[in-house]
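Scrolling down, you'll hit the structures one after another.
Look for chain A in each of the two complexes below; its partner is chain B in the first and chain C in the second.
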Partner chain A sequence: MVWKIFLFLLLAFVSIAGISFPIVENPQTWYQFPLIPGLEENAKIIFFHVPTAWLTVIGFLVSTIFSIKYLRKKNLDDDAKSYVAAQLGLIFCILATVTGAVWAKFAWGSYWSWDPRQTSIFALMLIYGAWFALRSSIESEDKRATLSAVYSILAFVTVPFFVFIMPRIMDGLHPGSADDKFTPSGGPVVNFKMNSSMLLIFFLSLIAFTILFYWMWNVGYRSLLIKEKLNKKIIRG
Partner chain B sequence: MKPYALFKKDYHSELRTRYAVNSLAMFIIVALSVILFSIGNEKVPQNLTGGLLWVVIFFSAMSGLSRAFVAEEDRGTTLLLHLIAKPSTIFNGKLLFNLILVFLMNIVITLLYSALFEEFIIRNILLFLLTFFLSNIGLAIASTIIAAIISKAGAKGTLYPVLSFPILLPLILISVMLTSYSMLGTSFDQALVEIMVLVCYNVIMLTASYMLFDFIWKD
Partner chain C sequence: MEGFYNFLSSNAIFIVMIIVLIVWIGIFTFLLNLDKRLKGIEKEINGEKK
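So, the complex of A and B:
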């Protein structure tokens, strides 16, 4: 219970701070953000856009870990855990795409411009979609769990190409692209002109969203178990 | 049983019906003529032709390459294969069959394509041949393992391109880039990173396929 209150306070603080802290040219106190040329007020969406993209990949990672676990132990609980993680991953993937498109409209002028990172989030969405399509096409539980676990691992080995390689060798608009002037070596995305209070809230936001993911995952898994139990009761009469 | 024996069996049963080869050949003609009709008398920009080549290759591959495993399920010969060979042998044999099919298909597509599109001019032929070779191998590996998944799932026809596209997307993106490089006449040194990525993709896909095929096959 305590950690739920902590999560609530953390998320409330991150949301309020991320939206309401003013952006000024020369920050004097800790609650003022620096002005980033070219981004201005748009910069604030970073506290909500990056965590969703982060959770998309985390959702995929958790789903794959439990897929590997399923293939080793053949325990259907692991399959359920992997399924719930993928569901959450798809939700955050859509959120990341939408927040990214809105930000792109104001920062780059159009909702969608096939920047390598936009391509990669689109590819992740396709992978999630294909994974759910595969699951819905198989009736037998064991077969569905095995085949979807195999596909999830197979798709996971291509993710490094989308997340790490393509955005760095192709020209793009995100920081860290091949033609980026600020981080020419293709450094990490967060490495541009944020001051310490901005970085603090950014990382607090990442932590808060990760805890939120864990909580949602837990609730989703338990509700799936209860649903299965109820189904069995109905069948038995 | 050796992978080569399995390949020979597939080759002979393919010769008997010629289903995969015929449908592939017709599909190539259909896809190319649809593109030609839609273009009409317009001038196509040069870098577009390189991308269109990979569109034709992707959809042709999706129309014929699932045969290798789906045919075994249709004929009901999967259990026999279980008895006489190890999973890795089966995968090797099917991979060999698909490799040869992919190479034949892509050579035909590329020859027809360069004859039909005047703007499709390769300036760095060695780079193009290397790209062609590497991406054909990647295409064969990925389509073989997805075909194995598909053959065990319910809906076989429609699901194959849906499942393959995200897996093949890095390969297709890199191949399109390299094709446009070879059309511009870029030197090997400048395209080295992309070629490395292609090699990485092939190695990763091959390793993952060998590790995962047992689980699909023993189902």
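So, the complex of A and C:
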């Protein structure tokens, strides 16, 4: 219960700070964020958009870990845990794409520009979308669990490449692209430089969203386990 | 009260903040209730086994 209250307060604080702390040219106190030319108030998206992308990676990672666990022990509970983690990963992947697209309209001029970051997250959505299609096409529980575990491991190999490598080595519009460091004012759009208080709120946001993910995942797989237990009971009569 | 109202109408970002906080309270309460309900069902199923 303590960690739930902690989560509530943490995310409430992040929402208050992330939305209401003013952005000024020369921050004087801890509750002021620096002005990023070209972004102004749009910069505040970082407290809510980046954690969704972070949870995408966490979701797919947890899914892969439990897929490996399933293949080693053949326990269907691990398959349920892997399934719910991937489900949450895909939900947050869609949220990251949508929030990013809305932001891009005002920062880059259009919702979708096939920027390397946008292309890579789109590819990720297709890869994991196919995973759910695969799962729904197999009726046998064990076969479904084994095949989707193998697919999950193979799919996760692409995640670091699509999230951390490809958008960073290619030139693009998204902050963090390869050409960000070549121009004094930053990349084609902005150089996303945060001060220490902005960084603090950003990391608190990452922590809060990670705890929220754990809670959602926990509730999700427990409900699936109950469903499986009840199904077995009904079959046994 | 009127001063607070005037403050909000000239600083719209705080209205956004209040709305986000209300949404968060809603989501949090929902998750808390769902968790409690699940615990109850888990107890019921495990209790039947014994």
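By definition in this document, the second predicted complex is superposed on the first by the 219 of 237 C-alpha atoms of A that agree within 3 Å, B and C clash if a C-alpha of one lies under 4 Å from a C-alpha of the other, contacts with A are read in each partner's own complex, and residues count from 1 in each chain.
Assume a residue touches a chain if its C-beta (ideal position, glycine included) is under 8 Å from a C-beta of that chain, and two chains touch if they have at least 3 such contacts.
Since the model is a prediction, treat every value here as computed from it, not as a measurement.
Q: A:Leu126 contacts which: chain B (first), chain C (second), both, neither?
A: first
Q: Given the touch rule stated above, what does A:Ser20 touch, chain B (first), chain C (second), both, or neither?
A: The answer is second: A:Ser20 touches chain C but not chain B.
Q: Is A:Lys105 contacted by the first partner chain B, the second partner chain C, both or neither?
A: neither
Q: Who does A:Lys227 touch here: chain B (first), chain C (second), both, or neither?
A: So A:Lys227 meets neither chain B nor chain C here.
Q: When the two structures are overlaid on chain A, which partner does A:Val219 contact: first (chain B), second (chain C), both, or neither?
A: Touch status of A:Val219: second partner only.
Q: What's your read, chain B or chain C touching more residues of chain A?
A: Touching more residues of chain A than the other partner does is B.
Q: Identify the partner contact of A:Lys73: answer first if only chain B is touched, second if only chain C is, both if each is, neither if none is.
A: neither
Q: Could you pull out which chain B residues touch chain A in their complex?
A: 145-146, 149, 152-155, 159, 162-163, 165-167, 169-170, 173, 177, 193-194, 197, 201, 204-205, 208-209, 212, 215-216, 219
Q: Using the touch definition from the top, list the residues of chain C that touch chain A in their complex.
A: Contacts found on chain C: 13-14, 16-17, 20-21, 24, 28, 31-32, 34-35, 38, 41-42, 45.
Q: For chain A, which residues count as touching chain C in their complex?
A: Those in contact with chain C are residues 4, 7-8, 11-12, 15-16, 19-20, 41, 215-216, 218-219, 222-223, 226, 229-230.
Q: Using the touch definition from the top, list the residues of chain A that touch chain B in their complex.
A: Residue list for chain A touching chain B: 71, 119, 123, 126-127, 129-130, 133-134, 137-139, 142-143, 146-147, 149-151, 153-155, 157-158, 161-162, 165-166, 169-170.
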